[in-house]
């Protein structure tokens, strides 16, 4: 089994220079450790808790930035799509189209994404049992596209809280596709701050370690040089400066599990 | 406080004649009991569990049928919309645009629906706390549209099961908008049949009675003359022949609660 | 089907005079409305959240008070038992022995209670599915005692919160035994106040109405002339002065459901 | 930080020879790997799902066996107590008294156990938030006993299922006491087999790895040479022959996390 990969970036795109800085730092750290790196950023946050949450730079500017990152750093790039019309243009600028968790059951979006031939990363809905991703997989496969990733990002657990059920990693792996653990969104407290979503950044490292110890193909950890200034998901981000130590430890755990 | 209304119909549109038969029977029953009636049907089921689930008649034919029902029976008509492009045409054919539960956080869809000026019925996501509908309400209100309905349709409770938290009815009512209890989808067993969603039709009447006893503006109960032959949601439908007795009892309970 | 009964009292016994005042007021209200009345009070609170929570008057004094209430007012009396040794003495002073929810799986306690021949009210654990009360029923029945009541008091729903699943009332009724809805403890917020359990008294009336509308044999509603001064469960109690209006409405709903 | 310890044994005591065989095998494996070993067995299963579940050898015979194991193998021994009267005799035969999860709020049992001066292992109830163990800790500490262990064994997640929230390990560790992860009972399916509790033994190794990667003081894994023949918890046991490989891997993960 291969070493795990890191999917990481700033959550929401800010500027080209900011994306460059993060891509450079992260790709170098990953190369030093011998782990794969996928750059992730969103050009639009289409489901912010409240209307006043910042939406992002928009699709045109966003895809331009993302394609430059891909070109300059040679790393695969991932972004999320929210409607059918975004799939084709996004697939020309990036390598991986991500289906947001709330939208994981929207048949037309899955088909439109699958038809681009890009790699499709489906985030399992907070309302979905891990064995039920099989139906989602079949929707994407029906387009002839079998480049699929499946991501655990927490299950609804009462109100305003998610729980990470580590059993879901081996259960989703029964589909035969690589499984990703999203340590950033799993520690969200949905709606927990009233008009925005809170988070528990202190649990990102232990949950990422747990997922690697269970066994997974990739971890998804958003980062920022100053999480408190991130336009979204700040409360559950790992500071960029803390990433090397965390990744080094994950690498060591991964080596043992995949022996 | 006004008597409650019934939102009902066949779930998925089949033919004009089938819609007519249901609209006629239901509108007559409601008129006899002195309760309001809103005809509901979907022209497309965009988030079926599996790809092989029947999708429906499509938007054009569906809206034609729905507008005829509105014209012939003089009752308000409700249908659900799944992307921005459907909002305008649907708003010309029906009175109420419904936002599906999985999509209740999609800002652009809420804004596009709100901008049509139609009544907007937002189903609370299975992953959302009832107090968090306030953020959704503000998204719709930002379009100047204050004709809003909020629907409870069950909260995630472990895997493959929902629970109806009756506290959510008074909590959502704090927004000042009418609250609907969807007794049909609250008894779904999501993914419970593998490739489709199971249901517990036997609990529709007791949960509908409970919601009326708590106090709500409307109940949503899908029906079919032969539930086992319905193209979707059959396992959680009430047979058309059983509706009059159920509604009569709901009317009696409602009268006591709204004294 | 018979009219529902009320199980009510002060939660924790304070003094004989206090118990008398409540028993007199409640039994008169119930007699006026034609509903049954069972006086309930605890002589010991054995599972307070924290050590500093008040425990109560103790078994000897408590049972003396309870037997006087039974004698003076002629109503059945209920109290809870926490270990085997309490079953026999308690069964001589009261009519109904209640098994606390946390203890509903303790075989020896169920057997000891059953063997006294008293009526046994088992509260379903917050961790138990409603269909699993069948195993509990069989433990009690094995003693030859078939005077059993089953009580719903909320199911764990994430952390620090319970949810009342109204489906549990008809599911537990399949055992053939009368089902009680405990509206007081269902609105607890376990551990919600740090060193004690919070509550949401405002939801007692709507949940009690819901349970009656679903159909149940009794409702359990603790009361106090000044809830804020009650030594336990104050945050989820209905004020004594508010009981008549609530009961009158429950009676009206019950009449419709049991027609 | 010290290497983790293993708490293990046959769940329910069968015979002295059987206990000896397990204690010998397990203590040797642990010694070889340099990890601590605590022998665990129950003399009575007081809360079996149904009455027909086997209860065990009883307290007198059980404590005799346990004290012989302690003497012969020199390892600490743990057993669970279910009522006040068992605390004193059990504390004379074993080193650690375990409070079952359903009983973790029973004040008198906690106090009686604490007063023996033995080490007290409290299993967190399936209905309890991890931050609420603070109140339990204070009950035990009030006896002057500060030899406390806290065990995670799964939280209620809908009906008939538990979920292991790995955040609970660092949260409970804030009390300052060692935290144990019970991988055996965390994979129970409570009531899942109708008259008994099912299990998912295949998830014991990945969850144990996850807990070690998060960081904990001990893991609790019940074992049997033939799990299918174990009188209780067979469906969630690891076969004795599979323990060495599992423990070796846990040791390697632990070394990395505690560097």
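We just call them A, B, C and D in the order they show up, numbering each chain from 1.
Basically, a residue touches a chain if its C-beta (ideal position, glycine included) is under 8 Å from a C-beta of that chain, and two chains touch if they have at least 3 such contacts.
No experiment lies behind these values; they were computed from the predicted model shown.
Q: Quick check on subunit B against subunit D: do more than half of the interface residue numbers occur in both copies, making it same, or fewer, making it different?
A: Same, since over half the interface numbering is common to both chains.
Q: Comparing centres built from CA atoms, which chain ends up most distant from subunit C?
A: Centroid comparison gives A as the farthest chain from subunit C.
Q: Roughly how many whole angstrom separate the Cα centroids of subunit B and subunit D?
A: Using C-alpha averages as centres, the distance is 48 Å.
Q: Between subunit A and subunit D, what's the gap in Å when you average each chain's C-alpha atoms?
A: Spacing between the chain centres: roughly 36 Å.
Q: Between subunit C and subunit D, what is the gap in Å from one C-alpha centre to the other?
A: Result: the chain centres lie 33 Å from each other.
Q: Two-or-more-chain contact residues of subunit A, please, as numbers and ranges.
A: Answer for subunit A, listing residues that touch two or more other chains: 155, 157, 159, 163.
Q: Which part of subunit B faces subunit C closely enough to touch in the complex?
A: 155, 157, 163-167, 169-170, 187, 200, 202-203, 206-207, 209-215, 249, 252-253, 256-257
Q: Where on subunit D does subunit C make contact in their complex?
A: Contacts found on subunit D: 46-51, 55, 82-84, 102-103, 105-108, 125-132, 135, 138-139, 142, 155-156, 159-160, 190-191, 195.
Q: Along subunit C, where are the residues that touch subunit A in the complex?
A: Listed in rising order, the residues of subunit C that touch subunit A are 157-159, 161.
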